[in-house]
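Across the two complexes that follow, chain A remains constant while its partner is chain B and subsequently chain C.
Here is the complex of A and B:
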């Protein structure tokens, strides 16, 4: 069962009814049961043991930490316990999800020392959403260690924190304190049902109407660059961010809408990322929860570590104030982005996700003073719509070029794609966009019109969100007839033009693999 | 974490207006989904008959079945000769186990005095799922219709189904929402005004094709009814008992196998034990006047000529064995009006099938002449007759300079370009029906010209040709065009010629062995 399926909606409807019908004391148990049912139907059932193992490790370690953290004599032991439990979780992830790394490692070692055998992947399926719940559990353990959260004394409640079904497959990466509401009593609210349903509908629109259509174009081009050369690979590059954004944020809307039905409000994961003016701002608006997790549990600990502080002082002394700040910052960011690349689970993501975007951030930071001087000298109105548009376009292009790695299943393929892009530069002929070639990509004029329509709706909704915090707030303030027209209209568009049903393959989300 | 709308929660909950508006919104959504489903649904040939049944006044008899009933029974013939009002409540690909649900719908909108239930589909009740068997009926009704929902459940829960497929049967918009190309056709929108839909013919088809058959198919002896078939027969009998229905069981004529015959034998015993009558019309073909050379369009269905014969028999039987209430003056007037319209249609059908019969007779008469012709022009004149189909086979592109007017005309008329590598082509009724080009993508392609030719392409490194079901295997000839002539009615090979050179006057060579 995926979150974009009839059975999921059916499961949700029944789940919500039961949730509000039972006594409030047992509502969290209903959430747990729903999560277990979802897990068993969406994943290989036996893999739930990995979730249970993570829970047991986190529970025992955090109880120990919580009980002993205030005692000086146990300070060292507490840290060791925390580090060990974090490492065990990372090891589990590494063995099951990160097999690409240790297999590659064994291949490289085998080349140097032929006697060393090349390892194979374990004959075990990894748990559903392992990347997400591992990040969550590490965050929880560290929060308890640092005193930011109290340890959960009920292991089953802790298990619910890990396996809460809406966020299991695609996030967001939640903090333990934010999800304490899981255990609270929740009164039925018609408003929650409305906003939750609206959000789910909007997520379906983005995923089924826009993303899956754009995916046809992008995949057709990359699967046959011999036929679709010239301007087409570039079209694929610049369409892919639209595909991945509507796919991922669409799923997020379904997830957040689902939890809103239960009166649980998860953290936002996207905030109009393509309105960003620079790469730094982009990563504060894209996959926000993973970014903030990496910032709080990787970047800050590294930046504030004794070693890095001392290193920073040495750099400041040797190279001056600016470089004294810049070098430690870029090194910490390199470590952060390395972790991000590893989290995505494959070697080529380290290059695509890590190296590219780290470079983008570093170059952006490096050239910031120069850019400021240039805009000053040229008297460019930096608050004008035109400049903002240019900056957003530039940020989009940087992301699009890096995201080529996401469209590739290996480093070789990614590099081949870049070679194609390079060779296509001499053959750019925009008129091929109008000669009917686009209709050979597996889409019709209807599909193209729908993509354009979808993009217009998306831009409108994102603009309203930027203005009103939530587009739904703006809709809610409209007249009754107009409101209903909007929601029924979106519903009918998804019903008629969504890419679902026996005519299409079942839709799965890009980020569901992590 | 509090949500963005938490401040308004308490205020809104208190308003009963909100609850009302919620249900109103829900009703609008369900209404929209239902109407949109109707617009996008596949337009089955029998849809008007099934939906239109709701708009009929009282009928005396309802024939319940599948396409056999649609092809074999002409209800308005019963009205004309015997004053019996009847209707064919029959969906193509129907399965016997759905008949209780069919009868639920019939009883919801009408109260017939007799149900005539066709057992033809009983041998077809198997564990596998056949999509059109359930969609052909269920997709004619509202998505929330309880009879429809129950019918879908009944159908699937007896069979081996895939859970992922099931939602699209209950909410068929999931299956058909891509069918927007059909929206330009007016009939696609007709179900929005369901109260205006009527089928003048009362659920009868007009099949104007003729195929000749032997009286019975030669298949291994059967084993009687399966457990599932027995179960569904008993369910139908129980349904009739529980609802105190007057029912007659029949089997409409078709080219049945020994296997099917044994099923009907077993069924007859059970039906008789329960006090009902079973009339297997296949046992009364002589009495009915069935001509196996002219009364069938395919192995499963009678054509219009056969329907007239069967209708005459069955209505005579009903009139002799049952008594029915008379129609009111108003109703009789409506039926007379319907009959007037129907008689125009009937005359057209009769004319069409007579013309076809004449052409088939003419073709049959011309067979001897055809095999003796040596001139391509004269040969083609006969071979192009309505009663014949042509199959062209060539192995590689023919490198000919075509210098024969008739041959050029033949090629042009049928859109055949010899040096473009067309490898197998079938022509029927002056149209190209099948066109196979030798590529790597379509080896093993089968074709079905629908009556009469079923065939498969043989395309290996050693051999290229066509295997025509029931006729034989025909290979291509080097640098020659081979043309087969098939008699449509009897599906037999009439002539088999080779044309080797297109220069000047074409000489044709008949391959030995053809009659």
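Here is the complex of A and C:
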């Protein structure tokens, strides 16, 4: 069962009915049961032992930490307990999701010491949401250690924090304090059902009307670059951000809408990333919960460590104030991006995606004083629409080019794609955009029109989001007739023009694998 | 024990040094929104500079949760006791 499927909606309807019908003190148990049913139907069932193990380790360690963290004689033991339980969680993740690393490791060792056997990957299993809940549990252990959260005294409640079903597919990476509402009493409210259902519908629209259509074009081009040369690989590159954005944020809409039905409001993962003026801002608007997790639990501790502070001082002494700040920052960012690459579970993610985006951030920071000077000398109105448009376009291009690594299954394939992009520049054929070539890519004019229509709706919704915080707040303030016209319109478009697979299920989500 | 005013005097110096702006004057309600360059990444440079100035470590938990300069001063006074 995926979150964009007929079964899921049926499952939700029954779940919501039971949730509000039972006594309020057992509502969290209903959430737990629903989560278990969802897990068993969406993942390889036995992998739930990893979730249970994660819970037991976190539960025992945090209870110990919580009881002893204020006593000075236990200070060292408490830190050791925290580090060990974080490491065990990471190791479990490595076992199931990090096979690329230990296989590579064993190959390298085998080259040095020939007798050592090369390891093979375990049989493919779906440990749904493992990347997300491992990040959550690490955050929880550190929050208890740092005094930002109280230890949960009921292990089954802690288990619910990890396995709450809406966030198992693609996150968000929630903080424990933000999810204490899971255990509260929740009253039925028509408004929650409305906003939840609307958000799910909007997510379906993004995924089924836009993303799955764009995916056909992008995949067809990359699958046959000899036929589709010239401008076409570039079209694929610049369409991919649209595909992944509507896929990932569409799924997030379904996830957030689902939890709103249960009166639980999860953290937002996207805030109009393509309105960003530079890469730094982009990463504060894209996959926000993972970014802020990495900032709080990786970047801050690294920057605050004695080693980094001393290193910063040395750099300042030797190279002056600016470089004294820049060098430790870029080093800490490299560590952050390395962790992000590892979390995505592949070697090419570290040496492709992470390296690319780290370089983009470093270069943009490096040239900031120069660009500031140039805009000042040329008297460019930096707040004008034109300048903002140029900056957002540039940020989009940096993301689109880096995402080639993301779409490719290995470093070699990514480099081959870049070679195709380079060589196609000498044989540009823009006239093929209008001669019907596009119809050989597996889409019809109807599909192209629907993509354009979807994009117009998307830009409008994102603009309203930027202006009114949520597009739906703007819709809510419209007259009754217009309001319903909008929602019924979206519903009909999804129903008639959604790209459905067998039994009204969508294809899987790009970020579901993590 | 340091007075709140004395903490502010030293704190203004730290802010001016970190954000390269000699006109900065902070008060209890100053937040990251009031100072242009104070984003979540620059925040840690500020914390490290405060630790350097006052000579003690600010706990990780407090680093993440402080909401405004008022809370920052409370922490400094508490740590300095």
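One rule holds in what follows: the second predicted complex is superposed on the first by the 506 of 514 C-alpha atoms of A that agree within 3 Å, B and C clash if a C-alpha of one lies under 4 Å from a C-alpha of the other, contacts with A are read in each partner's own complex, and residues count from 1 in each chain.
Rule of thumb we're sticking to: contacts are C-beta pairs under 8 Å (C-beta built on N, C-alpha and C of every residue); 3 or more make two chains touch, one makes a residue touch a chain.
The structure displayed is predicted, hence computed values, not measured ones.
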Next on the checklist: According to the stated criteria, A:146 is in contact with first (chain B), second (chain C), both, or neither; which is it?
Outcome noted: second
Next on the checklist: If we overlay the two complexes on their shared chain A, which of chain B and chain C does A:260 touch? Say first, second, both or neither.
Outcome noted: first
Next on the checklist: Under the stated touch criterion, which partner chain does A:470 make contact with: chain B (first), chain C (second), both, or neither?
Outcome noted: first
Next on the checklist: Quick one: is A:181 in contact with chain B, with chain C, with both, or with neither? Answer first, second, both or neither.
Outcome noted: first
Checklist entry - Looking at chain A, does chain B or chain C touch a larger number of its residues? => result B
Checklist entry - Should A:189 be classified as contacting the first partner (chain B), the second (chain C), both, or neither? => result first
Checklist outcome for this item: In chain A, both chain B and chain C touch residues none
Checklist entry - Touching chain C in the complex: which residues of chain A? => result 142-143, 146-148, 280, 284, 292, 295-296, 299-301, 303-304, 309, 312, 325, 329
Next on the checklist: Considering only the defined contacts, which chain B positions touch chain A in the complex?
Outcome noted: 1-5, 8-9, 12-13, 18-19, 21-22, 25, 28-29, 32-33, 36, 40, 163-165, 167-168, 171, 173-175, 177-178, 180
Item to check | Sites on chain A touched by chain B in the complex | outcome: 6-7, 10, 178, 181, 187-192, 195, 260, 263-267, 446, 469-470, 473, 480, 484, 488, 491-492, 495-498, 500-503, 506
Checklist entry - Across the complex, what residues on chain C touch chain A? => result 39-41, 44-45, 47-48, 51-52, 59-61, 63-65
